[in-house]
Amino acid sequence: MLKRFTTDFTVVAAEMIDCEYVLLTLKHPEQLPEINAGQFVEVKLPDSATSFLRRPISIHDVNRDNQTLQLLIRVVGNGTKLLSLLTIGDKLNLVYPLGNGFSLDKAGNRPLLVGGGVGVAPMLYLGKRLVEMGAQPEFLFGARNKSGLLRLAEFEKIAKVNITTEDGSVGTKGFVTNHSAIESNIANYSSLLVCGPMPMMKAVAAKAKAAGVRCEVSLENKMACGIGVCLCCVTETKEGHKCVCSQGPVFEINELKW
Amino acid sequence: MVDLSVNLNGLQLKNPVMTASGTFGYGYEYDDFIDVSSLGGIIVKGTTLAPREGNAYPRLAETPQGMINAVGLQNKGVDYFCKNIYPKLTKYTTNVLVNVSGSTIDDYVECASRINELDAIPAIELNISCPNVKHGGMAFGTNPVATEEIVSAIRKVYHKHLMVKLTPNVTSIVDIAKAAEAGGADSVSLINTLLGMAIDAERRRPVISTITGGMSGAAVKPIALRMVWQVSHAVKIPVVGLGGIMNATDAVEFLIAGASAVEVGTANFIDPTITVKIVDGIRDYLERHNMNSVSELIDSLQTE
Amino acid sequence: MVDLSVNLNGLQLKNPVMTASGTFGYGYEYDDFIDVSSLGGIIVKGTTLAPREGNAYPRLAETPQGMINAVGLQNKGVDYFCKNIYPKLTKYTTNVLVNVSGSTIDDYVECASRINELDAIPAIELNISCPNVKHGGMAFGTNPVATEEIVSAIRKVYHKHLMVKLTPNVTSIVDIAKAAEAGGADSVSLINTLLGMAIDAERRRPVISTITGGMSGAAVKPIALRMVWQVSHAVKIPVVGLGGIMNATDAVEFLIAGASAVEVGTANFIDPTITVKIVDGIRDYLERHNMNSVSELIDSLQTE
Amino acid sequence: MLKRFTTDFTVVAAEMIDCEYVLLTLKHPEQLPEINAGQFVEVKLPDSATSFLRRPISIHDVNRDNQTLQLLIRVVGNGTKLLSLLTIGDKLNLVYPLGNGFSLDKAGNRPLLVGGGVGVAPMLYLGKRLVEMGAQPEFLFGARNKSGLLRLAEFEKIAKVNITTEDGSVGTKGFVTNHSAIESNIANYSSLLVCGPMPMMKAVAAKAKAAGVRCEVSLENKMACGIGVCLCCVTETKEGHKCVCSQGPVFEINELKW
């Protein structure tokens, strides 16, 4: 497991997207430590009466030259609301990098990176790492509608992006499982690396199982510590309860009771 | 140079800051962040005779300046602990205590006697106050007779320092503490979590799978402080104070109220380095107030 | 248009929002801020047979998302209330309840029978849970036998709606609630304050003159919610929920947990208009969830 | 008693003084209601984990033409620290005007307004009101040193300012009770209106009693509600406990057990 740190980062960019998401760019005071794709951070929230615990946020991108990492956050509650109010120059304390991330070594030569909604967040750094390793990844993103497709330009710089939207405003109409990439060509992929809403991940996992394609999913359970001590974020596995924070968030689907 | 050491009825602590069971894993989860051996002691997570899967997810609710958990003593059992975890703990040059829990007196006794054989474990914290298990746990800790009975039973088989962890969910925690003392406890630690509940108003469902759970965090500090003050003036054995300690000032308040040492729990989730900051903060306080040792601070509340 | 009215075992409320004793004075202190008559009811401050000066200053400590008070039932006594205050309350077109307290059963009985004669007072809230008085108060409320005894005694002389206010500082609040029910209570209200303590670390002195006091505010909500859920499923009489209700969502949670009405207390100190906002917020919730009446919300917690 | 309100004011000026005090100028959305000199406001603090209750702050000045009132605040704890961080444009909710203020009708023709430390705060609006009424007030301010003398220029526009400092850096060396205005000329004043630290107020009160001069003091007890319902801020009077918030903060010294 990679060494973890607790560090005060500085907000160097904070961009609201569609009033529903915020993209934070955070600068490390020195060199960034090693970070795996699919790992997450625990963010210390700004002082507030209504928020007490840290918030787990997956790592969207890492830029070693600028000593920055990016977080793509959906504003859903008190905590994420506070994060959306951060401005350039603010300090933000992170405990990171947490969890195990995706298994790059097992992803194979042609992995399909499947993201739903804000679940696309970890796919940017993941895609870059896979390309660095010489793989030819492809993206498959699902969203409610056009405006739910996040950071498309960035993703397209890395690899082909397949799209489905529930209202059909872009790409294939329906869910990611309705896309030909999964419906007909799933066997052409070396593995599926998935992050998104639970029903979507379960549907993709079922298709992967049926096709005998390796599949990893990134879970998002409510957690306190982020380092495997509070045991609040457990998920049921064939070996009993496991912590999503320290033994996940990424699990190979055959570990799970799906 | 101030003296931070505390003699907890025979258990020697290099400083009064320990970690609360269930919030610090087995210690090594924090090796990346702090020098665990620099603490007065660590209390590793609740261990039972048989392995336990714990309660179903979700187990967590955030509350105003606090949280509710319902883990339910998930652990791999005392055999696994002795074989696979204990060897990793002997590297620590501080006190490693094991929090012992169970459902029946026999379970507790068997588990404690197994821990008794581990040379590098100088003490156990007997958990008769877990609110998140159906049987045992808090049931023992809410009744003085049951408390004295189980403590006496453990005392027969456990020959090192026996600390008993008390629940705040009682009419008189003083009566429970006296029962633990009568049963042969070497010290008492308090408070365990307060039984609380959280509801998702929009879905009209409980937030956690067990409906109710144990509340901890800054919100409970005033209740914990009151109980530590009451108990430390009612029993002769030392009191270890915990409950909502988030910083050094909180820890100092518990020592002033009569605690001989403190445990830091939920605060570890918010800052994994908080324990060492609290040790430093207590030292700063003593120096600022021209005190030579932490013993001058303990039970120093002036009530005229 | 949704129906907010609640029939509290014969006591008709136009909506489920009342004010907690000791946080709303006699109502008229809030006339500048809200239409007091628009609330379901107000519970005026603790009244005793004889005048009481209360405890010495300081009486207040701020805590994480809460506060501790130690007023000690300061009031001018029931005679003064009947002569000088009661006439000012008859203008209100909502339920005005009097919180009745005392040190001995005879005091309580005499005070209650005097209030019984006041036509415009449809109910009393029997306070057997005040943590800030040396004698009586919480002493009655922490023992089921004493609870049933005093409630029965009051029941003999008080012939209107008898609400009994319970303390959370007990091992089983369900046992106390059942005792109140057996004694003839028409409803129970819970929770009163939790016994807490605050210390000024720099001065090593208690923050309040009585050392310990009653803790209230957002911090205690999870404990209050748990107790309301437990009690409302253990007794037949209606439960009035209070403890840390700061907004409409909190109030909705108490109703979902099984409370038939709520009391808003400490929140009045932070926003003197909060009670009417909570009434509006409950109405909005019912409309948003397509409910026709608040009765659909009461005890609607889904636990599978 | 004047009608009270709960209103969102807007911060139109926030000036730090010596890193220890903050002067807030707050604008009312409409016309200011009637306010008596010596009354105070209960300020709703910005969202914070460490502060729960409102903070009582005495009214420093009132400007009806600008629809503004001013608060002069000493930064001592969490709450006042949060107030010192407010910036122009921020909203601040006040419950006001609270308490009874000084008895202008009984102050007489030549009142001495005695202030210690930040206790000078209510004296500005008080001095202005007395001058409007045709009285000739005089100020007597005590501070630890020169920098502890607040808003001197403003006070000097209204009336003569007598000064004492503990270190003698300005005015008479010592406490206000060492100043000739009290030591020798106290009988020349029609009344003493006092606000400051408790020992200072008690010392002044003793002199006033001895000289038979009417004296009112403004107390500052820890309070929650500010409107006389929580009964936390009581002070002992000859008629028993009275609320500093609703029956004070100003008391004629013979009411008190001093």
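By written order: A, B, C and D. Residues from 1 in each chain.
As a convention for this text, contacts are C-beta pairs under 8 Å (C-beta built on N, C-alpha and C of every residue); 3 or more make two chains touch, one makes a residue touch a chain.
Computed from a prediction, not measured in an experiment: that's the story for all the values here.
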If a chain touches chain B and chain D alike, it appears here: A, C
Chain centre separation (chain C, chain D; CA means) in Å: 36
Centroid distance [mean C-alpha coordinates] between chain D and chain A, Å: 56
Distance between the centres, which are taken as Cα means, of chain C and chain B, whole angstrom: 34
Between chain A and chain C, centroid-to-centroid distance (C-alpha), Å: 48
Junction residues of chain C - those touching two or more other chains: 63-66, 218
Shared interface positions of chain D, touching two or more other chains: 49-52
Pairwise touch network: line, ring, star, complete, or other: ring
Touching pairs - complete list by chain label: A-B, A-D, B-C, C-D
Residue ranges of chain D in contact with chain A within the complex: 47-52
Of chain B, residues touching chain C in the complex: 61, 63-66, 68, 142, 169-171, 194-199, 201, 203-206, 211-212, 215, 218-223, 225-226, 229, 244, 249, 252-253, 256-257, 285, 300-303
Residues of chain A that touch chain B when the two form their complex: 3-6, 44, 49-54, 95, 221-236, 240-241, 246
List of chain B residues in touch with chain A within their complex: 22-25, 29-30, 32-33, 45, 53-54, 57-60, 62-67, 69, 71, 74, 217-218, 266, 268-273
